[in-house]
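The block underneath contains the structure these notes are about, expressed in structure tokens.
To keep things simple, chains are lettered A, B and C as they appear, and every chain counts its residues starting from 1.
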Amino acid sequence: MKTRVVLNVAPLPENAFGSRTLTWWGTIAFMSLEGMGFALAAGAYLYLRVLQPSWPMNIPPPDLLPGTLVTILLLISAVPNYFLEHWARAYDIGKVRIGVVVMTLLGIAPLVVRAFEFPALRERWDTDAYGSITWFLLGLHTTHLLTDVGDTIVLAVLLVTRHGEVPKRFTDVSDNAAYWYFVVLSWLPIYFVLYWLPRIG
Amino acid sequence: MSAAAERLRDTDIGEPELEARLVDIWKTPRGFFGWLSSVDHQQIALRYIVTAFFFMALAGIGAVLMRLQLATPDAHVLGPDRYDQLFTMHGSTMMFLFAVPIMEAFAVYLVPLMIGTRNVAFPRLNAFGFWLYLFGGLFLWCCFFSNNGPDVGWFSYTPLSLTQYNVGHRADFWAQMITYTEVSGLAVAVEIIVTTFKMRAPGMSLERIPIFVWGSLVTAFMILFAMPSVMVASTMLILDREVNTHFFDVALGGDNILFQHLFWFFGHPEVYFIFIPATAFVSSIIPTFARRPMFGQAAVVLSLIATAFLSFGLWVHHMFVTGLPRLGESFFTASSMAIAVPSGIQIFCWIATLWSGRPVFRTPLLFVLGFIFNFVIGGLTGVMVASVPIDTQVHDTYFVVAHFHYVLIGGSVFPLIAAVYYWFPKVSGRMLSETLGRWNFWIAFVGFNVAFFPMHILGLEGMPRRIYTYSADMPWGPLNFLSTVGAVIFALSFLLLLWNMIRSGLHGEAAGPNPWDGDTLEWATPSPPPPQNFTRIPVVTGAAPVWENREALPVIAGMSAGKREILVSTLTEAEPDVRETSPEPSIWPLFAAIAVGVTFLWSIYTPWAIVYGAIPIAVTLTGWFWPKNTTEDES
Amino acid sequence: MKGFAAGFGCLAALTLPACSSVQSALAPEGDTARAILQLFLLFVVVCTAVFVVVMASLLVAIVRRRAAAVDPVLRPDPAEERRMAWIIGAGVAATVIILTIFTFASFLTNKSFAEPRPHGLTIKVTGHQWWWQVNYEAHDASQTFETANEIHIPVGQPVKLDFESPDVIHSFWVPNLAGKQDLIPGRYTTLTVKADKPGIFRGQCAEYCGIQHAHMAMYVVAQNQSDFERWRAQQLKSAEAPSNADLGHGQQVFQSSACAMCHTIGGTNAGGQVGPDLTHFGSRMTIAAGTARNSMGNLTGWIADPQRMKPYTRMPAVALTGPDLIAVSHYLESLK
């Protein structure tokens, strides 16, 4: 087909942040589907609970300490995450390098405590349906935590190589920070369901 | 690629050189390794389509075998074990390995072309999704051919699918196949959404988005929110079977209805993953052959969106006889009936478009007309089964088998074949034979109706589903025989289609860019489209860009002529916003798919596979995202 | 109108040869099935009318007109667009009205029989892979009894069926009498049926439950009150004592071989709980959950090689000599 030029896009930038990029939207899409998975798992938890006369079935509710500690650590981590995002948008390589290392440590810390959360459920996954669904919920979130920490570590390494200072890397940091918010926020309802619902219901 | 070459713009060089350079930049490298590392949406889509048709053929042969077994009472064509594996494989393959992937694949092929861009948003994810789908499907069929195919029905209800009620790992194979295909399906859904949101040609505001693209977008959203449900269900099933969890173990607090809820929360929207793209095909084909824009385009788009939302509120109608509270069930009757309204609106708009247009009868339109006939029947029986009392009689009988085949074949495969006839010229550059097309249509139409209409009566006469045989004392013989005859005829129509495709692919009439005079952007580019799709990205000023710009298509300049570049635009108004680099071919998606695929397979035999497999998965994913010395990451 | 009736008649004629009343939802013999069929016929009539109207408009849409246009009409005539919009609006309104009527009609029909009704008899039906265990309940334990695969009910009274399943999901379906109800492990479901007049109604499991799902049928026999009482009284008795040496030998073979490990015959040493109760086996119409008629030939064939009639059935082949096999079969047939 014959064509005629009506617009020149050369002046447009080649890098951007947030909703102006494809990866941000991809990240949101993944958050949506994973969030849906969490919601369904929580739904299954509530469903099984409604069927039982007592819940947990045969044991006291989970020990609060590890889970609450994880929650606190995650909430605290939101603060440097915020600053990291800010620095990334400013293309400040020095601060971004530090920030990513901090986030790596703040990601590993809850993972370490998480290891203690599983036994705090007081029951194995194969004891009964309560054990199964609590391990399932906790396991789902742990997978997200693990993969995001993995992502962050890879980014941290990249940032100290020669690939570190290109504009796209800053967008990657920004997207990774957005995903970290999801890891933190998605934990809160799960924390509530696992630790507080059995105590108040 | 030297830095200077990378900075080259399309304003710096002339048209012929621009075209040659873009082909060179966007093409997939030659050779086997190049083929494996392709990230070209056209190639990947075609691979999906060919693979899906291959699986359809396998499942179709399975269907013919089952029909042969049922043609007469107490037949010995198949024993119960093979039969049970076959109906499970038939349903699972048709739903997970054929229908959903092929609809997604058409979107992967057509959406970038229709919205005027060069590739999907995440080309490597696209490649990864294909390999995973291929591995999952091949894996499942290898199990079947080694007499280890799942035999628990395509929806694999518990407790039948728990360890104590079936042999070996058959149900695990089913559950893992779900995992493969769901990851693949979700990957495509994410791509379609982001591509459609952010990569539209300048000027393609919401009301100018083609109906097909709307349909693909709506379907992708449904997939995003429904597929996690079947992932949860199949994962819980595998966990119950392999590591002794008790999600479905009644003795220890589990519940079997939980599985049904999780499965059907996905399962009902799933049929709309298949049906909505089919209606999107129809909405693309009718305007072209009616020679006018779609009547009530906005209403049609809103109907698609309404259908998508409503489809999440129907799932309990698959569970009407499980003893759920009556009032709750009645709600689902109302919602299941309500979804007929947006479908009805679409049908009325299609008829209105034809009524006020000047129809040109070619094979695509014939299949669309056949679709309307078949789908109205299927939709009306759908309204019948939506009624709880009626469903208590016809649930799990051949009446329901008739219903869903009318909506899935009549309502989705007929439009799919129409789409094949419609877009084959674009994909291959050649026209399919019109004469063979008409024979194809009539044989398919007659065969399909003869095969499936009698099943309504069989169901009402007491024939349940999923029985490998029946006694001569029952009166079901004659109608079953008739149905088998129809099935064979219907199967033959596919051979005719295949023959048409081969013959026309080799010797067909040259198609040119727009043989049907369609109005959407895919017809503004050569047939087959070059690897970059468009040498210059179009600018859209209306809903029918080709019809409205006969003399010359408005396009943009200023894109790179030295590297893979796509234009990102704003969400609603599609104003040009950012020039992003698009990923180059890469072998890492294949490696990652192998790592993930092997882990899934291995995890059937030991849960530690997840731990061990995490290492190669992490390595391949890191390799995937690690920047190369290529321009995409260095801009 | 005449044409329509003729068309309907033709359709009926085409389907009638295939129409029979066995296990058919189209031949109701119970109040629930009748109510459902009436609702269904309402749907069929209305849906057929809708189908005809839609197809007619499609047909007219494609055959009416017109000179072929080469160029597409980019801006269709606004007046015609408006007219079509009104017609479609009317169509949508009609659709909504029809669907609302359907929804209410369904709700009312459902309500009429889904509520717990006063009933006389309660029967517990337990689904197994691949047979039906039937326990007649009563307040007085001496009035309870067990049988398998064949349920007798008195005519004209609602009978409550309580369902259980210890293994997988089954579904109880006797279309002549009522819609189906699933038997779900861990849950209790129920169905009330009422037969209008005496008859024999075949039913079949309607939820895929494994490899012999196809051969899991049952019969519901509706009898007038006196016949039912006679049947019930007979079922309450222990098994008939053998009246001659051959039958005595048969009983002895039964008790001393593997048979007694799975089957119960009331009043004898055979007390197995795995397979169906055989106390009044001779009074049943079929064997192997409706798979074959209850005759000497079929019975001996079944006992000698169950896998032949019902591959993968749980019943093992019990090795018996020819004479022993005949004796056992005679004995079982004598258990009226």
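In the analysis below, a residue touches a chain if its C-beta (ideal position, glycine included) is under 8 Å from a C-beta of that chain, and two chains touch if they have at least 3 such contacts.
Predicted model only: the values in this text are computed from it and were never measured.
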Starting at subunit A, how many touching-chain steps does it take at least to reach subunit C? 2
Larger contact count among A-B and B-C belongs to B-C
Give, as an integer number of Å, the spacing between the C-alpha centres of subunit C and subunit A. 52
If you average the CA atoms of subunit A and of subunit B, how many Å lie between those two points? 30
Rounded Å distance, subunit B centre to subunit C centre (Cα mean): 37
Could you tell me which residues belong to subunit B and also touch two or more other chains? 254-255
Return the residues of subunit A touching two or more other chains; collapse runs of consecutive numbers into ranges. none
Seen from subunit A, its contact residues with subunit B in the complex are 1-16, 19-22, 25-26, 29-30, 32-34, 36-37, 40-41, 44, 47-48, 51-52, 57, 125-133, 135-136, 150, 154, 158, 163, 166-168
Please name which positions on subunit B make contact with subunit C in the complex. 79-81, 84, 151-153, 157, 159-160, 165-166, 250-251, 254-257, 287, 291-293, 295-296, 321-323, 326, 329-330, 333-334, 337-338, 340-341, 344-345, 347-349, 351-352, 354-361, 369, 372-373, 376-377, 380-381, 383-384, 386-397, 454, 457, 460-462, 464-471, 473-475, 478-479, 517, 519, 544, 547-548
Which residues of subunit C touch subunit B once you look at their complex with the stated criterion? 15, 17-20, 22-26, 33, 35-36, 39-40, 43-44, 47, 50-51, 54-55, 57-58, 60-62, 64-69, 71-74, 76-77, 80-81, 84-85, 87-88, 91-92, 95-96, 99, 102-103, 105-107, 109-111, 114, 129, 167-169, 171, 173, 175, 178-182, 184-190, 202, 204-214, 291, 311-312
Note: in the complex, subunit B contacts subunit A through residues 9, 11, 121-122, 186, 189-190, 193-194, 197-199, 202, 224-225, 227-229, 231-232, 236, 239-240, 243-247, 249, 252-255, 258, 261-262, 265, 513, 524-525, 535-536, 538-539, 546, 551-559, 567-568, 571, 576-581, 618, 622, 625-627, 632-635
